[in-house]
Structure formats: structure tokens, C-alpha cells
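What follows is a single structure, and I will ask about it in a moment.
Chain nomenclature is as follows: A, B, C and D, assigned in order of appearance, with residue numbering initiated at 1 for each chain independently.
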């Protein structure tokens, strides 16, 4: 039996994992950066029926042209089934039209709360933070009103903290039973966290993050090692298949041939910002 | 010196008076029925710069074709500067884009409050009224949020009452100082009442209706006689010029050649409903 | 569901139920073409709150109301801003055969026919106390649908503060927390079903509306189910050539029914202007009903609705030259060569 | 004005002042064509709350910001949902010449460049505490403009309940009077001026927007004054051939300025895709500023903005083949033959 061997980057892995998690025929509110690339891969590869919604107002474009550089750029509007503006997109999300929100962040806690606003003491340093991040954009709206959310994160210890600097996008809040409903939120909250090392979910009771699948080359221990809080481990934890040649070929030759968005193994390129 | 003599109907007079009252270059939210006809006459005759707004969503159509039968029909949309739906029209009115609301009713009180909902005891007979009228439509929205309103009424004693059966469209409410502001309303309230007998305004202090101009063949006394409450009389009360041949020709030959909307002197025709 | 939500009288769905129903719905892009009979049968049930598209006698979903009448329903609530012929047809059915078709309640702002006069059927229905009425303004009803389309429980509005409308409807008035001055809070409307007629749709339910949108997008997005009838079905690749012309996105639509003349005798921009004579004839029959003689109206319903297999049968009653007359009138209104 | 309204901290206009200003305005259909210099000079003043059109690096009103920078303003508030190059240019001007141009406050949801990375100028400005920040979500800011466009004092919204955003902004949370559950009330935004770039306008100010509307209609209708720059001015009779394509009605616009490439180097649907290289170059200069070396950025401003007589001078810096490259890229995105 012959075995192929092909190098791939952790960025390629996260995109592939994101694409595989997306359910076909669902409405996915797609955040900018890696979620956008993973969604395009999913649509082109196996889930042709996914209906992307972009916060700038486009619903269901086929994304047949090049990868959009922005969730509001021309490529998101072409041949869409509806194009208005931000209010229209968020209003339909609040109504319940979006099955999934697919969103990135800079920092995450065990309950899937995301920070994309600031590093430093809040509220004391809010007006002069240690590091200023872009701000919510539509992330907190997606996290509030999409029925479920899928979070996408580079897996680094400094980004996974028991207490994050600022809660931009609500996950399970303090993790207590009914916390989201009590707060007045509509969606059910985070469904999966897709990282550069693992696919994680949330415990039904404690709402804390748990490892579901480990990528090739990672173990429960190595993943825990890269995480700033204690992770739960699903009893059925299993390995996650590495990218297939078909997936890699789609990314490298069709979706991002210039390697603008997704790092390729050979030529190193600066990671574009994901917020 | 030669003097022309031409017959005209009270309906033609009311349309002509309505048209003359409208200020050029203003935004006029136009109600259905006589206000629509008067607005078209004003635009064609001397106030080409009037910008009609229709509640179904059209802004500024030139109304070059036939007279619309409905404030939402095709003729209101053609070559308009904006066409959306009802929400858009009323939102911009609430914002303050409409200088005047031009609206009819079935019953009016001294303070310019209008009834177009029901005849009978309110609230007791609300679910089974003596006579059921069409309901507010957009009239109460215009009366609330247009900056000023111009009311158009057939002048009959039974329609002018000290206490009306139901307040559909707020005028000066109980007439007390600041009543509209206290209620939370934005617009200033009724500006003129145009009837089949007179042009009336409102006293600055008491907010009660007062005669400003009397039509040919009418006197202060004859007008009071046809009114179910006591009218004030403006110290400068003056006669209102009868329709000119130009105005009548425009109505009869261009605007309503079939006499569908405006009664002509010879051929009697049923008055279309004005609400 | 909190106890408060239960306490408040929601017609149609509660905000929570509406959200839940939409979340559990298949929102995929799939062929939704259907016969009108199947659509009405599948999506409307007794007791439903049915929202009616169009505005007075413009783009009224007449074909859908005929099918509803043939089917027969009990205790419907009708929700609309300004209604015309569609409401007359539905209410006329109740006046004639209350055992077969009945309306329990109306939430509305206006029911008459503008230049074509009052609705004698409304007078008959209301003056005999046959339907529970909840009067609102046009903006109130449109904003209530909008609040539903936005997934909200209420939306603020300033009109008509000070009026008697507020005394008998479910709006609440509160002091604005930012200014201290009174403001109306309108409860959202989440109808069970919306029936809408549009000019153009694709098989997935993307709709293009010419002329006024009325409140059609809002009711389609607020309602649990939406039935669209249309003059014309075009391929998806054609309708998406101009995405910004799409007024209702496919995932807000549950059935797409091809019904040419589906709004006749009301005005459907780009296709036909009013059949004024037919509207007048119908009202004359309504006036006779109101005066105690239902025979003419009954004959109308027997001929045009109960005796017809579908809307085609109704349209077949009109000579081609009459249909062409309304088409030609409309072509004079339309601003460009088509 | 009630005492409550005075107590609440309104930036831009209060709802009452906004209403009053609009009521007193000449809303007639008249020729509003203007030079950019005259428009900026006439409608913007020190201390104003300026709303910025577009969305991140799409249809940003770049030409208008250049003119604002040349003019010089003090203590502006900038309001936008997601901002990109327009905000960078304005803030960069403050970083270089705070005596000439200054921003006091920002009400916003996001300032960065998506695939093109963070904004080093934002980091510089914020981490040095140079501007008062009020974070919101995109929907919050869009809904705040919408509330202004609707003439309301507030609009309800469910996101982001439970987040830290609510701890430092002026939103209020109340229990919904219909359900008893928490809901956010967002204060309306009535900016003093809106600056917007669109594809097509007529001389009266009717605007057609291709691709996303972003929140441009809302800010145009909420703001006291609206300055529109456009790729193309067409006759009124041409733009009204398709009234439903008009996205902003003329009476919401105060100045119409013909500025081809007015959103360059950002994306303007149907005209040009991003100039990615130029955006990257600018950010590299911003990064050097953040690291303590403002020279490169200062040279950029001297060459492209302060040293330029108008936006044409900026565009003249780009070789024709580069402009054609972005045009050709955009033509590949556009869904139909033009």
C-alpha cells in the first residue's frame, strides 16, 4: 500500500477543519478572515448548499470569483440573492435566519466569550489600553443572535485565558445555567472552537470548553499545554484527519493561488489579521 | 369692461383652494382623495416645485401621467426620486422631511382633531359602531409627524362638531397650551382647514378654528350656520377668489377629463370617497 | 418563555415561538414551486393570523384569497396596514357562508378603496359586530411587521400619540428613558402566514417587486410561513443578475406559485392597472348585501370563486380585450420601454 | 427641550435639534453640485460629529477626508460602524499635526482593515490615549443611525447583551414591557455631517449605490448635512428611470460633488477594486509612526494631501496602468456586462 505525504501549514489545517465543521444547506453568517476562507472551501468542496450571509448586507452569493478581501467587498455582492446594508443583515440575524455565526477573535475564555477589543485592565485602561484591537465589528452581534456560533482561533496559550481582558462577543458568559437567556440573548451560543491544534466543543452542563478532536501531531497534553485554562476532554476524543490532497489543492490552486490569505508550507508569508 | 361667468361646483372650489394654499418647493405628504387632486393641480398650475410624498413609499414623482386612483398605485411610482414602502415613507416623516401633511377626514372638532374611524359612542360601541369608517390609514401618522397639516373637509354641519366621536388624527388635542408637545407629538399641528365653503385657520392662543377666507356666495354667517360649533372669525377675514378659467380648464381638461374625481357642473356624478 | 410574555396577548406567534420556528426551519435554497391549492392547504390552518400583502387596491393577493375561500377556514385573524379587495373577498365569504369561512379578528389601519369608495362589506361586518377590531395607523401596522422582521418584541413610534387609537389597542406608552417624553411602544407582529403577490420570483423564492414595496418584505420576514404568488417565474441566474432589485430573499419564502393576473382586478405595476368597472360592480353587490340582499354577492361568489377550479377560471371570465385594456393602461404608467 | 434630554449626553444633535434643523431646511429639488472644497468649508465645523460612510475599505469617502484634512478641524467626533482608510487618513493627520487637525472622540464598532491587517495608526492613537473611545457593535452603530433616520430617540436591540461593550457606552438596558426580559435601548445618532461616496448621483442629490449600501442611507437621513461625492453625475431623467435603484433621496443630500476615484484606494463596486499595494504601503508608514518614526508618514501627507490642490492631484500620482488594473479587477467581480 502506498501512502502519500504532503506538507501543510497550521493555517491550512484550521481552514480545512473549519470547512469540514460547516453543515451543508445551512445559513452561515461569515466573519472576516479565516472564517471566510473556510466557508469558501466548504462551498467549493462538499457543501455547495451553504448560504453565506455577510454583515455588509449580501445574502447567498455563490462566491464564484476570487476570495473576497472584505465581508463588504464587490465579490460578496455579485450574483447574491439579496444585497442591502448592515441593518438588513443584522435584523435578519436577530430574527433567526442565521443558523451559524462563524467568527474569529483574539482572546477566548473557557466559556467561549471572545475578546477583540483591547488588552489591558478593563475598565480602568479602556481609554488607554496596553494593546488596542479592532473592536467588535459584527462579531458580538453574531455571537448574540446567530443560533449557534463556530469560533476560530490560533491556538496560543496567551490567547486562551480563564479570564479575558474584555468580553466583546458573548459566549456562555459565566457558564451558569441559563446565563445567556437571563441576559436576554437569543442564540444558543458557541458550538465549536476550531484552532490550529484541535477542534473543541463545550460541556453541556458546565459550559466549559472541551477537546473533541486532536489534529495530527497533537495530543490532549500538547493542546492543554498551549491553553491558559484547564480543558475538559470528551470521553470520545478522537483524532481529526489531516487535510486531503483535494482540500489542499483547492486552497492552493483555486481559492488562494497567491497565498495571500493562507500560509503555504514553502514560502513564508505574514499572517493577515483575522479579526 | 367684460366679465366672464362660468359655473363651477363646490368640489372644484375645494380643489382649487387646496391647490392655492400649498406652498411651492415644499415637501407635501399627500393623502388620498381630494388632497391628491389639489396637489396635482398645484404642481401643474403654479407650484411646479412641490415634492409630493405618498405613504406607500414614493417620493417626488412628477405625476405627469393620469391622476392616481390610489396613493400607492403605479402612477405615484413612475419617475419618482425614491420608492420603497410604507415604513420608509413614515420613517422619513417622523424624521421631519415632510413640511406639510395634506389630509381629509369625516368629522372634525374646533381643535382640528379628525375622525375617520367610526360614528357612535366610543369606547362602548367601538366593536359595533353606528357607522364604520375606513380607519386611520396614514392620516393619523401624517397628523402626528408632518410639521404642519392642511385638512380638507366637505363643509357640513354634521361633520363639524364640538366633540367628535373618535379622535383618529390628532390636531391640537384639547387645545391647551403645549398639548401636542406634552403628548409627545413632533409636528406643530393643523395649519389650515379647506372646506367647500371657506378657508379656516386656528387661533394662536385658544387653538380653536377661525374663518380666514369666505368663498363667493358664502358669508361668515352662512359658514357658521353650517358648522356644529362656534367659529372664531379672523379680524382680517376676506373673500377667497373663485376658481379661474385656467384652473377650471386644468381640472376639467387635463387632470380629470372624465370627471371621475371632481364633480363638474353639468353632469352630476357621485362624489368618490375622500378618506 | 417568561410569565410576562405569556401574560401579554400575542396574536399569531409569540416572539419566542417565532424565533424557535424559524431556527428549526429548513432555510436551504430549494425548489419551492407549488400549486396554490397545495400551498394554502399546507401552510394555513384554522385560527391563524394571516398577514395580507399589498396596499389598498395595489398588488393585493387576490388569487391566494380565492383559494383560501374555496378551502374554508375558521376564526382567522387578518393583519394588514391598508386593505382593499383581498379583505373584501375574504370578509364577503364570511358574510355569505360563516360556517365555511370565518374571520375572528382584524388588526389593521384602513379598509376601503380610496377613489373607488368605502367598503360596504366592511360596514356590514363592523356595524353588525361580526369581527373583533383592533385599529392602528398605517405606520403602526407597518412598524409592527418591521419589528417582527427584526426579531424584536416591540418598536418605538411617535404616532398617533394623543389619539383614541391608543385607547383600544395593545400599544404601550412609556416615558423615553433618554428624553423623559412619551413614546409609543408597538408590540411586534409575527403572523402565522403571509400571503403576498409580486411581479417576479425565482423557484427558490427570491422576489422582485416593482413599484411600492408596501410592507411585503417585512411581513414575509416576520411571518412563520410566506406564500408568494407571482406574475412570472424567472431562472435564478436571471434574477441574481441585479441582486439589489431583489426585495424578498428566498429564505423568507415557503411557497412560490405562478399565478398570472394573481392581483387582478387590483393594480399590479408593470402588468395591469385597476379593473375599475369590476371593482365598482363588486362594491355594488356589497352595498346590496349591506342593505339586506345577499343574492347578487352570493351569485358572484358562486360564479367566480366557489364554482371556479382555480384562478384561471376567474380570469377566463374577462374578455381578452378587457385584460388588454388594463395592460395598456399600465404600460402608459410605466416609465420605460419594456 | 425637556430636562432629561439635556441631561443625557447627546453627541452631534439632540433629537429635538435635529428635527428642528430639518424642518427649517430648504428641501427643494435644486442644483446642489459643488466643489469639494466649498462643501467641506460650508458644512463642517470644529467640534462636529462627522459620520463616515462605507464599510471598512469599501466605498470609504477618501476624497472628502483629504479635503477635511487640508481644511483643518478641531475636536471632531467621528461616528461609523466599521472604518478603514478614511479613518486612518483622518487620524494620521492628527498624529502628524494635532494643531491643524484633531479628533476628540470616536463612536464606532471596528477600525482595522480585515485581510489587510490591523491599523497601526489606531494602535498609536488609542494606546497613547489620544482619543475618547466609545465602542459599540456594528449593528449598534447601524441601528443608532437608523434610529436617527427614523426621527426616534432610541431603538431596541438584543446584541451584545452580556458583553463589556455595554459597560462603557451610553446604551440603556431595560426589561421589555411585553416580555419582562432584558433589552438594550440604543440612543439615536444624529451626526452634524455625513460624508458618503457613491457611484452615481444626479444634481439634486438622488444617489444610486452599487453593492452593499453599508449604512449610507441611514447616516444621510440622520445627519444634519450630507456631503456626497460620486463617480458619475447623470441627468435627473436618467436616474429616475429606475426609481427603486435610488438609495438616497435628494432631500437627504446637501452637496453633490463629482469626484472620480473618490474612494480610491478602497473598493468602489463597478469602478475599481482595492489598490492593495497602496493600502499596504500606507500601513507600513503607520507602523513606523507607531514605532516612533513619523517621517515616512509625514512625507506621504505632504506629497499626497497637503501638497495636493485637490483629489485629482492625488490620483495623478498613480500610473494609468495601475488604475486600469483595479478597474479590470473590479470588472471581473461585476456580475454583468456594462
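Criterion: contacts are C-beta pairs under 8 Å (C-beta built on N, C-alpha and C of every residue); 3 or more make two chains touch, one makes a residue touch a chain.
Bear in mind the structure is a predicted one, so any value in this text is a computation, not a measurement.
More contacting C-beta pairs link the chains of B-C than the other of the two pairs B-D and B-C.
Each chain gets one centre point, the mean of its Cα atoms, and the points for subunit C and subunit D are 39 Å apart. Note on chain placement: the centre of subunit A and the centre of subunit D lie 28 Å apart, centres being C-alpha means.
Touching two or more other chains at once are residues 151-152, 157-158, 181, 183, 210, 240-241, 243-244, 335 of subunit C. Annotation for subunit B: residues 58, 77-79, 83-84, 94, 145, 186 touch two or more other chains. The touch graph of the protein chains shown belongs to none of the named shapes. Contact between chains, per the stated criterion, is found for A-C, A-D, B-C, B-D, C-D. Considering their complex, residues 18-20, 22-23, 26-29, 148-152, 204, 206, 221-222, 237, 240-241, 243-244, 246, 248-252 of subunit D touch subunit B. Across the complex, subunit A meets subunit C through its residues 25-27, 49, 51, 58-61, 77-84, 91-97, 99, 145, 147, 186. Remark: subunit A residues 32-33, 55-58, 65-66, 69-79, 83-87, 90, 94, 117-118, 122-123, 126-141, 143-145, 166-170, 173, 179-180, 182-186, 260-261, 272-273, 275 touch subunit D in the complex. On the subunit C side of its complex with subunit B, the touching residues are 55-58, 81-82, 108-119, 122-123, 126-129, 132-133, 135-140, 142-143, 146, 157-165, 167-168, 173, 181-184, 210-218, 267, 269-270, 273-274, 276, 330, 332-335. Against subunit D, the residues of subunit C that register as touching in their complex are 2-5, 8, 15-16, 151-158, 172, 174, 176-181, 183, 185, 187, 210, 240-245, 335-336.
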